[in-house]
């Protein structure tokens, strides 16, 4: 079942080493079939060179395995929570990409400092608060999703406009309109983390871009007035 | 029409991924036929692996498409402004190369700190002022060109001697005697941004090179007394 | 003799250039046959491209060559000391990988700042004290082992829980359940050194993760309650 | 004439791009035939991909071209000065490798901070003073050699023990027992520049290694008591 989605999720997972976003097995990509309410995700701890489309695991929105011989990613419960809370996202990526992790370990968000970020993210890329003991000891992976959702709720952020987050002392999650689009956003997040890290060393006090420039670049590429790229016919 | 220029501009665009100056489609190169007053430029948002010479778009000096089935780069109006204001340049490059963007986001110019820079740039590589709201909301891409030109005017800089600039909170534009020479200068700018970033961390207060050394290196490679390389016969 | 172990140690050595952990010949991997009390180690100063399994040298636990035409690694005495003091380790790696060396030269441990580290190291990765003159001038390589062992003793650390160390002003040693597992830990150490270096620049004062998160991630992958990866059948 | 030396110098030049020490044509390697008093050096400004052994230029110790159709490297006079002042060196390399240039632009030497450096350099890698106007405007390349020699004289350094230097606001020169050995030292210098840059950010005030450890590592690999590597038979 879901062979096309398995193939897409497999291919999206294979983009992680291609874009240098992962070391060893430190990452996973999933995609969702919204009609069936089923999520396809990478198995846990399998090396990328041995991965094949049929290894992808199918889980339902309770995180129960519906199909597949392997254990799903240990982060499955986080993915499931996000799919339930953010109804418009179709794919999710988690990695330990080094620049994003550097900000996550420092407990700092990535400020919107230039047009590279605002072409994809409509503002800062937030960092979650540290998780509480009770959240860590019980249902940790599910609570990781909960703290992400809380971050977006409390800051009034839209997951369509800010397609990614840093989990405190852990690393980035990104999402998008498909599994591959979520990988695309993971690449952008890693790239802006690298550039803004250096900008912060050059200018620690005044790094945020003007709101009007932020608006311009985001809306040039997103929404009804977008004019970047080729018109879809 | 302009098949030779299209081929050169295509090849110059393909150098951007080869020199690691771009991620995804974040860059564009153009070239100009000064006699005909026509600019050849990369189409907007097309992936480099799918690009071919015939995809290049021809526009006039009003930015109107004269030939080509695809939309030209969204930055076309910036290129056109620069070609009109700087009559001796023949090619232009825009990228989001990470070290150059790090300075642009910090709103800092790249000081002339060593001979690598002064072999190609006769002084600091300037950063523009932040753009005003009125410039961003109306004809943004054209105004991006205007603010670059203003920067060169106000500082009394020559675009032949300083073949590049950082647009504030955005990224680098470089130019040169051909599309490929403009890419060459984009590589130099990225390289000196990387090196001078580190020099600034090692020595924040006294980084600029002596004027006499700056003169020596620039003039060793440029102008009537140049003696670097092989004599053109 | 020990042909299987020689092959494994050879292959583990060849992973060092593959993972970009070494320049030239600046690294070595060994493995031990605990029953026979014999250590297999890379020869000294042989270029990786010329290395073959039969070049591996066999030494006993006094560091005496038992088999092999080449001199063993100049660091052999360090490996032997560690095998004697840490009875559960089966492989050892030494490199001059750049991020790890950056911390070693600064005389700083790598604080446990995020889950990437705590998936493999149950706490900070310690740095040894500087070696004393007497330790350097006599039996230097053996004393390098002694100062590592002292570090673990004095801090009450377990070599199974913290499978690596930084030797002051020198570089990293890691170990593990096999020669290849020791290389795996060398990759992790280098990666967390890189990330935590940047986190420290972003947040110099409050970088350590909560103990409960540290516990959670280490125990998710190690010990009787581990649930990461696929069940071994 | 000197075909074997031309081949060796050619091959040593080709190592520069292989070890990522250069961008474009920003580097050159030479070798000397001490008996004949002739230096073989890369031609000026020729791209590496087009270089061949027969392009190498032969000059005498006055810097006059003895054989070859191309102009020698513009840095030839610097090489010649060093060969005359340092009678035991057989090969010289100049690059603009980025980490070394970062220190040169900052006007800072690379302190001996760890064993990687002291395996090859018996102390700090010095930076020259800034060159005077008179030195820059007349015989600049020759005077670049003079200021290097002055640095070694004034500090009482041995070019055999410290096989490299940073020219202020310019970049590194290294040398060695052959053209290829000089490239080897250029790689070491770049690597220790990178590592010690980061160590200085982690610990700005106390970075130098103990003299006794410096002695130990240098002498383990150099001089009559060396015991690293395989005995030459």
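By written order: A, B, C and D. Residues from 1 in each chain.
The criterion applied here is as follows: a residue touches a chain if its C-beta (ideal position, glycine included) is under 8 Å from a C-beta of that chain, and two chains touch if they have at least 3 such contacts.
Listed by chain with UniProt protein names: A, B, C, D = L-ribulose-5-phosphate 4-epimerase.
This structure is a prediction, so every number in the text was calculated from the model and none was measured.
**Student:** How many degrees of rotation carry the C-alpha atoms of chain C onto those of chain D, rounded to the nearest 5?
**Tutor:** Best-fit rotation on C-alpha atoms: 90 degrees.
**Student:** Report same or different for the chain B and chain D interface, where same means the shared residue numbers exceed half of all residue numbers found there.
**Tutor:** Under half of the interface numbering overlaps between copies: different.
**Student:** Using C-alpha centres only, name the chain that sits farthest from chain D.
**Tutor:** The chain lying farthest from chain D is A.
**Student:** Let me have the rounded angstrom distance from the C-alpha centre of chain A over to the C-alpha centre of chain B, please.
**Tutor:** The separation of the two C-alpha centroids amounts to 33 Å.
**Student:** Could you tell me which residues belong to chain A and also touch two or more other chains?
**Tutor:** 200-201
**Student:** Across the complex, what residues on chain C touch chain A?
**Tutor:** On the chain C side, the touching residues are 113-116, 184, 187-188, 191, 194-196, 198-203, 206-207, 209-210, 212-213, 216, 220, 227-231.
**Student:** Using the touch rule from the top, collect the residues of chain B that touch chain A in their complex.
**Tutor:** Those residues of chain B that touch chain A are 23-24, 26, 43-46, 70-71, 74, 96, 98-99, 101-108, 130-131, 133, 136-137, 140, 169-171, 197, 200-201.
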